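Both of the next two complexes hold chain A, though its partner changes from chain B to chain C.
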Partner chain A sequence: MTQDLIYSVCGIALFGIGLYGLIIVPHILQKILAVNIMGVGVFMLLVAAGHNPGGVSDPVPHAMVLTGIVVAVAGTALALSLVCRIGELQRDGADEEAAP
Partner chain B sequence: MFHKLDGAKLPLGLRLICSAAIAALTAVLIAIVILSGPAAPGLQAEVAAQLARSGVDNPVTAVLLNFRSYDTLLEVAVLLVVAVATMPAPGRRLRPALAPTGDMVLIGLIDLVVPVVVVVGAYLLWVGAYAPGGAFQAGALLAGAGVLVSITGRFQFSFGALPARAILALGLLTFTVTAAAVALQTGVFFQYPTAAAGVLILFIEAAATISIAATLVLLYGSLVPPAREQESGP
Partner chain C sequence: MNGLQLQTLLPWLVALPLLAAVATVLLQRLWLCRWLSVALSAAQLALALTVLLLLPEQSDSAARRYALGGWGAPLGIDLYIDGFAALLLATTAAVGFLLSIYSGAYFNEADKAARFWPLWWLLMVALNGIFLAADAFNIYVTLEILGLSAVALVALQGSLPALQAALRYLLVGLLGSLCYLLGVALLYRAYGTLDLAQLALQAQAEPLSWAALGLITVGLLLKTALLPLHFWLPPAHSSAPAPVSAALSGLVVKASFYLLARFWLETLDTAATAGGLQMLGALGAAAVLLGSLQAIRARRLKLLVAYSTVAQLGYLFLLFPLAAPLAAGPGIAGAALDAVAYFIIAHACAKAAMFLAAGNIQRAAGHDDIERLQGIARRLPLSLLAFGVAGASLIGLPPSGGFIAKWLLLDTAIDSGQWWWAAVAIGGGLLAAVYVFRVLNLAFAGSSSTADALRMRRLRLPKTLSVSAFALALMTVLLGFNALWVLDLLDIGAPLSYLAGETP
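And now, the complex of A and B:
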């Protein structure tokens, strides 16, 4: 029980830290990292919720977290590729302004 | 490259209000978790009761690939969508390959590590039926080997050719076709015949492993910043 509570509270704390980063920190890469931290917090909460002291753990939250990790990786990659493209476009624009 | 990706900083007052709101939200959530007492019993009893019919002995794999197959199917679909989204558009130049490295330590390491990783990946895929493991763990491991190979610059995974793109779609295709094929026999999408469930799950996972590994290698490759091309300058 106490152990589950520690995990749950840490998960929520991570979620809060991530939310702070998402809203307050200005740089877009840090925002993407912040969303990932929020996700990790949710995963911790789910794993803690599935823990069954003295018995078999609930496999459904475990499967959901596994699925969630993959989707989080995919989402992060998509966000990063969009950021790369934005950076390229801005660089091209800056080059054109510098050498008309 | 990223100098303009800095958004504007929020004004101090707004930052303080947001911080206070986030702190309050976190505190409320923590209070709810502490005060709500022990969680209701989960589904472990139901899963354990049906485990014998799932075709595998590992409850997590049973949930992922039998009881809640739709989740995993859509997850594979998400990976394919992201792979398509990050792929270089037709007509756009591929990112230039890294210069082949002369680093003998790296090359020697890869010669040793990659075959081992392939074997361990196959083991993880196989052991997923009994213990923690499965398609995603195996795929991630194989993708790590692929990334290691690609940073030597001796090979470039470009995914421009049709067979390479077919590999990306293999997992989703196998998954959907299998689900539809078993529906012909049992009448329900994803309702595997109990006797064949173990083999079907291994078959789907093997195809998914290949697609996942290929997708992750593609994602890594499309996110490596291109070398500054001197010749294409104005």
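And now, the complex of A and C:
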């Protein structure tokens, strides 16, 4: 009981840290990392929920975490590609301004 | 017709758009993609209408449930349909059909069109999946498919503001889904199940379920863009391509509202507190007023329409105080749901028509600066007519779907003894009249400046664009005449079934 309680509290703490980062930190890459930290927090809570001391642990939360990781990878990839494209456009815009 | 048929149709509502998404990736020829998509969205519409027609024969809730792969509820993932879900599915299919026709003519650059169709079909997969979901984790997955495809569709525009709006939309969407997932994790920890019907039976009013409901609500409110959390919607919806804006404002935000209604009034109704229900209503009322004021002040036409969405979403949240089990009897709660469901359908058609009309104006004029749209009605009579008819529905003028919806809402508010919500609905209608007529006044009065007129003469708008915008506007008028048929359907296994003593 205490073991998975520790993991649950850690998971919620990670979620909180990520949320704080997402709102406070100005840099966009750090914001994307913060979202990932939030995700890890939720996954930790889920894994803790499946923990069964002395018995076979519940597989359903593990399946959920696996799905969640796939979704998180897809979301992060989309966010990073958007950031790259925005960076390119901003550089182009700056170049045009510099060269009349 | 037997019960088996309805059940076996349900998975096709998800499978058909998914197959279409794969097909449009694989097919290299654009014209083929375009015609295949129009044909498949017609098939989807036929499928959704068949489901709608079969539904009245299925009063037994087991006949409206489909176990994917035969696994059944605790472990497997079920699909479940009732009147509310079926109506939203049909609305999605109908609006989606007209938007597909419009999009076929709208995207004239080959690379944009090639990227559009697979994303468009994924959006349809996610919407249908959400409306049919009977499993809390499956909802998370469909929400993410919805969010990711919607973000990619906004980014399709390719301009810097569109990409920045898309990135913000993505971060907000991810934050919303993670809050939702944390809520679901707490629910699983407490009750050991993800099936919505089983959760409804087991959930109790205790701290853990309150926390879960709170997290789920915050996550879904972010996605529905209720007032304090609406900041991402106007830039994202106003910078997307026209058919995408129409789908986002008309359909996508309704999906998360639908889930909110399910969680508050059905799945976790034991954990819902009267204060929470009233607070949702108050935020909705604030959204109606502030969203309308922002729309009046907007300088760009598409931004005006996007702020109008913020305002119209506010009306939907009046469902919660009006259907509050403490304040109302069963009859009133049912009437509140009728009114709000009608509102969703009428707004979906009207707002889609409005965004398409705004897109036509933007394409013909080369800009969407409201002050410079003088006399544009002479160039685009059909598009402006569509804008006007859709606007009439948003204001709530008869005969339109918006009028019936607002009438039902006023009626329910007064019946439940909460007249102040009726005042909000009337005030919102007046404010809507201000921003709709502000555009129409300029468009119909005065002559267009010569420079703009010259530009426009060279640009010919394809007929399909104005006709499909007008067809959507016509649908809002038709909704004004067929209210009873729609309302009867809603009563089948309504989400408020706890009031009738039926277990969902």
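Keep in mind that, in the parts below, the second predicted complex is superposed on the first by the 100 of 100 C-alpha atoms of A that agree within 3 Å, B and C clash if a C-alpha of one lies under 4 Å from a C-alpha of the other, contacts with A are read in each partner's own complex, and residues count from 1 in each chain.
Operating definition for what follows: contacts are C-beta pairs under 8 Å (C-beta built on N, C-alpha and C of every residue); 3 or more make two chains touch, one makes a residue touch a chain.
These figures come from a predicted structure and were not determined experimentally.
Novice: Specify the partner with more touching residues on chain A, choosing between chain B and chain C.
Specialist: Per-residue touch count on chain A favours B.
Novice: What is the contact status of A:R91 with respect to chain B (first) and chain C (second): first, second, both, or neither?
Specialist: After superposing on A, A:R91 lies in contact with chain B but is clear of chain C.
Novice: Should A:H62 be classified as contacting the first partner (chain B), the second (chain C), both, or neither?
Specialist: A:H62 contacts chain B only, not chain C.
Novice: By the touch definition at the top of the document, which applies to A:I28: first (chain B), second (chain C), both, or neither?
Specialist: both
Novice: Contacts for A:V42 in the overlay, against chain B (first) and chain C (second): which applies, first, second, both or neither?
Specialist: Second partner only.
Novice: Counting only touches as set out at the top, which of chain B and chain C does A:I6 meet: first, second, both, neither?
Specialist: Neither partner.
Novice: Touching chain B in one complex and chain C in the other: list those residues of chain A.
Specialist: Residues 8, 12, 15, 19, 28, 45, 49, 58, 60-61, 64, 67, 71, 74-75, 78, 83, 86, 90, which sit in both footprints.
Novice: Can you check the complex and tell me which residues of chain C touch chain A?
Specialist: 75, 137, 140-141, 144, 147-148, 151-152, 155, 160, 163-164, 166-167, 170-171, 174-175, 177-178, 181-182, 185-186, 188-189, 192, 194
Novice: Which residues of chain A touch chain B in their complex?
Specialist: Residues 1, 4-5, 8-9, 12-13, 15-16, 19-20, 23-24, 26-29, 45, 49-50, 52, 55-64, 66-67, 69-71, 73-75, 77-78, 80-81, 83-84, 86-88, 90-91, 95-96, 99.
Novice: Could you please specify the touching residues of chain A with respect to chain C in the complex?
Specialist: 8, 12, 15, 19, 22, 28, 31-32, 35, 38-39, 41-42, 45-46, 48-49, 58, 60-61, 64, 67-68, 71, 74-75, 78-79, 82-83, 85-86, 89-90, 93
Novice: Using the touch rule from the top, collect the residues of chain B that touch chain A in their complex.
Specialist: 1-2, 4-10, 15, 18-19, 22-23, 25-26, 29-30, 33-34, 38-39, 41-44, 47-48, 59-60, 62-64, 68, 71-72, 75, 78-79, 81-82, 85-86, 134, 136, 212, 216, 219, 222-223, 225, 233-234
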